[in-house]
Amino acid sequence: MDQDALRKLLAAVRSGEVDVEQGLERLRALPFLEIGSHTTIDLHRPLRNGFPEVIYAEGKTPEQVAEIFARMAEHGPVLATRASAETAERVLGACPGACHNPLARTLTIGEEAVAARPGEIAIVTAGTSDLPVAEEARVTCAMFGHPARLISDVGVAGVHRLFHRLDELRGARVVVVVAGMEGALASVVGGLVPQPVIAVPTSVGYGASFHGLSALLGMLTSCAGGVSVVNIDNGFGAACAACRIANLPDSPSE
Amino acid sequence: MDQDALRKLLAAVRSGEVDVEQGLERLRALPFLEIGSHTTIDLHRPLRNGFPEVIYAEGKTPEQVAEIFARMAEHGPVLATRASAETAERVLGACPGACHNPLARTLTIGEEAVAARPGEIAIVTAGTSDLPVAEEARVTCAMFGHPARLISDVGVAGVHRLFHRLDELRGARVVVVVAGMEGALASVVGGLVPQPVIAVPTSVGYGASFHGLSALLGMLTSCAGGVSVVNIDNGFGAACAACRIANLPDSPSE
Amino acid sequence: MDQDALRKLLAAVRSGEVDVEQGLERLRALPFLEIGSHTTIDLHRPLRNGFPEVIYAEGKTPEQVAEIFARMAEHGPVLATRASAETAERVLGACPGACHNPLARTLTIGEEAVAARPGEIAIVTAGTSDLPVAEEARVTCAMFGHPARLISDVGVAGVHRLFHRLDELRGARVVVVVAGMEGALASVVGGLVPQPVIAVPTSVGYGASFHGLSALLGMLTSCAGGVSVVNIDNGFGAACAACRIANLPDSPSE
Amino acid sequence: MDQDALRKLLAAVRSGEVDVEQGLERLRALPFLEIGSHTTIDLHRPLRNGFPEVIYAEGKTPEQVAEIFARMAEHGPVLATRASAETAERVLGACPGACHNPLARTLTIGEEAVAARPGEIAIVTAGTSDLPVAEEARVTCAMFGHPARLISDVGVAGVHRLFHRLDELRGARVVVVVAGMEGALASVVGGLVPQPVIAVPTSVGYGASFHGLSALLGMLTSCAGGVSVVNIDNGFGAACAACRIANLPDSPSE
Amino acid sequence: MDQDALRKLLAAVRSGEVDVEQGLERLRALPFLEIGSHTTIDLHRPLRNGFPEVIYAEGKTPEQVAEIFARMAEHGPVLATRASAETAERVLGACPGACHNPLARTLTIGEEAVAARPGEIAIVTAGTSDLPVAEEARVTCAMFGHPARLISDVGVAGVHRLFHRLDELRGARVVVVVAGMEGALASVVGGLVPQPVIAVPTSVGYGASFHGLSALLGMLTSCAGGVSVVNIDNGFGAACAACRIANLPDSPSE
Amino acid sequence: MDQDALRKLLAAVRSGEVDVEQGLERLRALPFLEIGSHTTIDLHRPLRNGFPEVIYAEGKTPEQVAEIFARMAEHGPVLATRASAETAERVLGACPGACHNPLARTLTIGEEAVAARPGEIAIVTAGTSDLPVAEEARVTCAMFGHPARLISDVGVAGVHRLFHRLDELRGARVVVVVAGMEGALASVVGGLVPQPVIAVPTSVGYGASFHGLSALLGMLTSCAGGVSVVNIDNGFGAACAACRIANLPDSPSE
Amino acid sequence: MDQDALRKLLAAVRSGEVDVEQGLERLRALPFLEIGSHTTIDLHRPLRNGFPEVIYAEGKTPEQVAEIFARMAEHGPVLATRASAETAERVLGACPGACHNPLARTLTIGEEAVAARPGEIAIVTAGTSDLPVAEEARVTCAMFGHPARLISDVGVAGVHRLFHRLDELRGARVVVVVAGMEGALASVVGGLVPQPVIAVPTSVGYGASFHGLSALLGMLTSCAGGVSVVNIDNGFGAACAACRIANLPDSPSE
Amino acid sequence: MDQDALRKLLAAVRSGEVDVEQGLERLRALPFLEIGSHTTIDLHRPLRNGFPEVIYAEGKTPEQVAEIFARMAEHGPVLATRASAETAERVLGACPGACHNPLARTLTIGEEAVAARPGEIAIVTAGTSDLPVAEEARVTCAMFGHPARLISDVGVAGVHRLFHRLDELRGARVVVVVAGMEGALASVVGGLVPQPVIAVPTSVGYGASFHGLSALLGMLTSCAGGVSVVNIDNGFGAACAACRIANLPDSPSE
């Protein structure tokens, strides 16, 4: 499509419909939206990698988030992650229709406009303390059109709990494993199912868990082949990776 | 299927066809193969997660690898990774039909028996020094039935080289990005294509690259949403992750 | 016992007492208890590894802890660790009979039902600042039926204090050593007594103690053979390890 | 000049204008100013390395900062960095003419006395969350006589945003790149422009970004040759490095 | 016993059988043996902590090891660990009756003099590459009187292999788990058996396994309560810890 | 002296003045003082290593510190370090004569009883932000009988400030260098003076100073031979090391 | 210039001189050169960032380096860094006119074609052991047209050696400081001269120098404002950074 | 003395005996000696910090070491550390009178010219494997005029061995403690003696000893006040620190 747009533009220059300086200008007129001097929203990102730009609220002032959120909400559904209570309050003030999920720390609007495809992504947690990360993943999947099934508290210290839920896991198209401490659940799941497994280390734990480093290293060095990993506590990223997979069209040869 | 096997076994016990002690025995007769006292080959792994067990040659003696390789070769195609020259020599002595790829450090046999599906996985490297890891990924994909296209030396220090190959990237079902040093290529690719992106940090670099740590951290913290990561230099794991995706059946609703 | 249960179930299927679908169902009816969508309590864990499931309160909301605590209290004694003051208040509201130890940060109920075996575990601290961790260990031992003797503030900067208490150490069946900073007490105790020694590094210290890393590494590399180590500040884990030992039955040959 | 001062002093000793003990004394009378017992202001630093001494407010009490700021303000323009709100209040009380920039956390006075040379330094950020660091750099450049152009939120996840601003970058004499997470923007900019590039990793991110370590390592191992790096979040230092370059006189041969 | 010896010495001084200076001398005459100027063998260590002193050969010259080994062999059984081929050759030259195990890298003599108690310690490995460490543990147990059962290659990537061997595990008095990569086997075993579990991380793996750090952290942060850990690759230390437990006399009350 | 006490005791046993059981008892009656169950004060430590036991207040409750402080104050001068404001308040309530230095975070009593030897220790800081650590060192030296001279804010960014104070440095018997950031001052001082130099890294700095790690590593790897180092921010330890030196008696041969 | 090329192309399309498909083709015909399947040489890089692409020989086979070197030598001067003796031999075989500097580990050809501008860059080393890195920098500067002056072995342990060479330093346009161990030389130089200072940490040292990490951290946290840093042992990168500065045209306003 | 030299020079300028330009020249004529372009020997260092410059052989070619050694040997006694066998051979070729100690890896000449003061420094090692570091310290002390007493293999796993040697320790003026693994010996010694204690961590150990890091951290965080630490394996630095102390003149007041 970029290709096509380029070809059309060149054809228009060729035909004289667009002159050289205009052509030059249009090549520059790339699809983003500047807000004040601080933010450059990338509206055409869906065309490039399948996702809308999402607001990462941490490190931005509540005012900045509210301004960006409101501007983006004029163009379609919006998701903000890592939103503090203060930021949520400010955004809800600016966009009364927005929804705040305090466990997931997300702010969303327009999710009702997203057409869902049912039952494809399973999100599994090792313990109850991993829920905020799993919930961030679940909300993100929902905003990207992929409702996810949550299977909670089935860590390996009592591995039979996992076996009990194996059918549910096997029915999913992608499995997201969320675990802190040593993160061994990712290896066990990776050894049990043939689907893509995305592992999310969490910062649950203390001491030698080093804020999630231990789980991260454990997942990266998993003895189960083909488990891939995202950043610590990155429920959002895992959901993106899962949706990139779930979004794949059926294979062309079939 | 495990489920089915269990149901059939129970039915056989029920019918008296199989008595209780035999039933107990069969439940134990799980599908692996012990070699000497040192190795337990997991022959039914394909039934569980889609891949044959692969021999990780590092840390095993050449004799152990040769013995395991030969025994497994009686059951089907075999892949050994991280094989030293000495191990390769020993394996080729035991299995003259095996193939040694010294750049990838792999040993394979029976790949001709693997039915291939063309053109679905793209493997991109930042530099020529990343080739051994990319090659390990390529051989692994081939052994798992997914021939991969290699796009080499298109790192971000000259980002136009990447843009030149963008169509090839966009034609793939999964993209594996192999990069050392700061690993920025993963972020740039992740921002340009909507498909699943598996990033492999390599130990290419020196000093503050800390044997691949720098690329690993960079890929984990990528600003492009949905890039997932495998271990440093783990071309094999990236290929497994890519094949888990490429193996997905078409979605049931279609 | 799992074995026996399985054999009995198969016999019942065999005899027709239990039909195939019921058999399938029972194999699934594993012994845990789901609470809401967030928690899966593993009630039969004592049958597997000798301990009840314990609530790790950190990272759970006070409401979640109170709900889990109350539900588990219906089944037997309960221990919760790492409980904040706020969580304690909430649990005491839900279970007025529970006991809160603020130094140890534990919540317990039903300890009077635990039959005790006296004097088998010694808990030694290097300094007064290590007491919270030692106290967590002591409470845990008590809940698991093993009252422990606490020997406090006998670190190696004044090694004669330790020698003064040596007889008490030698009278114990297991010794738990709790120390921060450089953790040298573990090596000295390990060199002086023949019993099992479980070392707990604490986060006491500053600067290059790196929140307990220094003590952890020191204990792992102890020149005294046979000192084993648990996570930083993990009084609970050390107590579990000690109780695993203290729980051992007398040797079969005698 | 030091050289000249020394020669003059020796000549004065030679002529008897200055006696030996006086000469000894003058050699000692180096150009700094002691404040109380805690601080030794280095007033002649501009003569040595081109910059005034700047107050690093972190780790100093508000009272100390206010005293030093006031004393230095008697000698010329003053810049304080890393000033907390409390420190700012105290300084503004002592020096009502001072200016507080809360985003940059700077306090300044006398900037109107600094003669500016326009348009030479470009400061580029990957995201809106990097603004505080970029703003510290911008204020510092201004105080050192080099107004800077800020180009914000052009990170590599949407690399076309950067290309859109390339002309502005190419018009600058020095480019400062401010980025957190994986910091890939530094490599991409370093590959696109021939000017000096100073990279500033920021602590924006979480988990495996390890408070900026990930961006730092990524920038240090950049595949683009000649990118140099300053400390994490060190907008001040990047500005100093940029001004050292911008201050260079024209080359002698021309 | 130290106590008794002291009491006897004091009584002898009291009776005049030993005079004061002699008493002073005897208090000094502690039970060790100096070899040259470099080594102080601690012959009475068995009286203190149950084990003979063992020679750690790494970092000693082959000559030093041979000299110490020969001198100690005059007093009883000897074990040397981490012996290189060169050291082994030298020791076998000096003590022709010694036995070299190249996989375990041990040298032993006098093991036939050690009375064995059968079947109490189980040593489990995740993979074949973990065998050298497991073998060091096995040899050490044997030298300390506790023959151990080796269960090899039952890692969690195929968790059913472990379940197949569960009865053997449950029959042991202590379980030593030897695993590299992410070390998840320790958590799974710890959740399945009630006995003491000693975990040994190995340096098997590459990249983010960081020479065993990943497995070490994973085992320290295990979600299974009461798993204790020794140093990376420290098969010797795990055996010592296991033998400290296996050596425990039956409880006094029975 | 320990030797002497032992000899006297043995002589008393010999003479019948003390019987065997009493002798045993006295050997045990070592010089410490137990407070409650939590603390074992080592009153005779001055006899062993020249310093009184000092209270490290961090990690102890204000109540514990106040109790220990009051009990020790009955025996002589007392020093408590790392005392919070809350702890100070509690101690001053219990011991109205105590003195609180909030910059140094110390509590002291009885310093007037310490006979001072003037002018032997110099404490040098790189910057004003290093003062709290330097002040802890100064107070500790004073309590141990060695008033120290403080030379502040002479870091290497303006190295002439240091040269100006060189005579003062050279007049000291020991030099303590307190510096954060890169800690280069220790190397420069170590290259300029022949006396013992004790370096104290401080946590002053941010980003890649990693809470003092950067200064610590820099001081440990100093190119100036014979600089020794204490823990980060450990003004107390540096003072102890300095006083160990300053306490040395004149050499015996003179 | 890219701009101009684009404008010309569009004009040619406009005029019909180039048709649409040709235009599309030319936009793709970007200036690089593919060698085999492994390398994509970026011939127009000088147009973008002022430097030719340089061959980083580490991680490439000698054959690959020789092939790339020879192909690039057809287009102009070539520099290869990190060349082993074996690689050098292979390259000299393929390109007899090439020059091998074994201390710097460089291979060069065509340097006589580079027009030099004298005396602008000073390279200072702390010790003789830092020479290989300094030499890599010197050769790189020469290949980029900027002969550099080498000032060796003037580290801060004897700071007067540096002062002796201060005039030479002050005469340079850019100063590159090469130092291992604690790297303090960068701070001292940065405090003494007003020019741009590029610091190169080296891996000289042992123990806590952690292969250059200590020097790296020290340079990043330098108390001298405006010192920027490149990777450990990266003499090449420092030279690139220095040449980016030295290449700057005189300022437009003059 | 520098002071005196300066005063004399100024007086000479004053008197006309030396003219201004000559004075300038002499101020520059600082006492070092340049060798080729690579080394600047600091001959007057003894006047500044009491030690001759010592050759750190690692990272220098054998030729460089031999040249520097020979040149320095013309001026007085010489010490080279970290000398490989190859370097030793080259130096002995150039200076037949030099002495090579292969355990300590030192080369020395002229030690017979150093007047010794007996018995002041004790060097204690934890194990035989620590001897090379201890020996480097011993040789260095000898070259600096302070013969040292070596007490070997008295680590804390058998702490009574240390007590046996306590009188020797107490008779020393300074104690150097050399220990690897967890380095606990430093804490125990520091708690037992009142003298200055210099701790040297060694790289003896494996796994979590991380090449000496564990011992280093343990020594830095020692609970015994006033233990100061040098770099890992830095026997030379510890000897320098000890000699700085042993060199102190008697206190002025006595």
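In order of appearance the chains are A, B, C, D, E, F, G and H, and numbering begins at 1 in each one.
The definition used in the following text is that a contact is a pair of C-beta atoms (placed from the backbone, for glycine too) under 8 Å apart; a residue touches a chain by one contact, two chains touch by 3 or more.
Quantities reported herein were computed from a predicted structural model and do not represent experimental measurements.
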Interface with more contacting C-beta pairs, comparing A-E to C-F: A-E
Longest centre-to-centre distance from chain C, chain (CA-based): G
Chain whose average C-alpha position is farthest from chain A's own: H
Intercentroid distance (Cα basis), chain G paired with chain A, Å: 40
Length of the line joining the C-alpha centres of chain B and chain E, rounded to whole Å: 38
Gap in Å, rounded to a whole number, between the CA centres of chain G and chain E: 53
Residues of chain F touching at least two other chains: 45, 48, 127, 157-158, 190-192, 207-209, 213, 216, 220-221, 224-225, 231-232
Contact footprint of chain A on chain B as seen in their complex: 3, 45, 48-51, 54, 117, 120, 167, 173, 190-198, 216, 220-221, 224-232, 236-241, 243-245, 247-248, 250-251, 253-254
Sites on chain E touched by chain H in the complex: 28, 30, 32, 37-40, 42, 45, 48, 53, 56, 58-60, 64, 68, 82, 201, 203, 211-213, 216, 231-234
Residues of chain C that touch chain F when the two form their complex: 127-131, 150, 152-154, 157-158, 160-161, 163-164, 180, 204, 206-209
Footprint of chain F on chain G - complex, ascending: 126-127, 155-159, 181-184, 187-188, 190-192, 205, 207-210, 213-215, 217-225
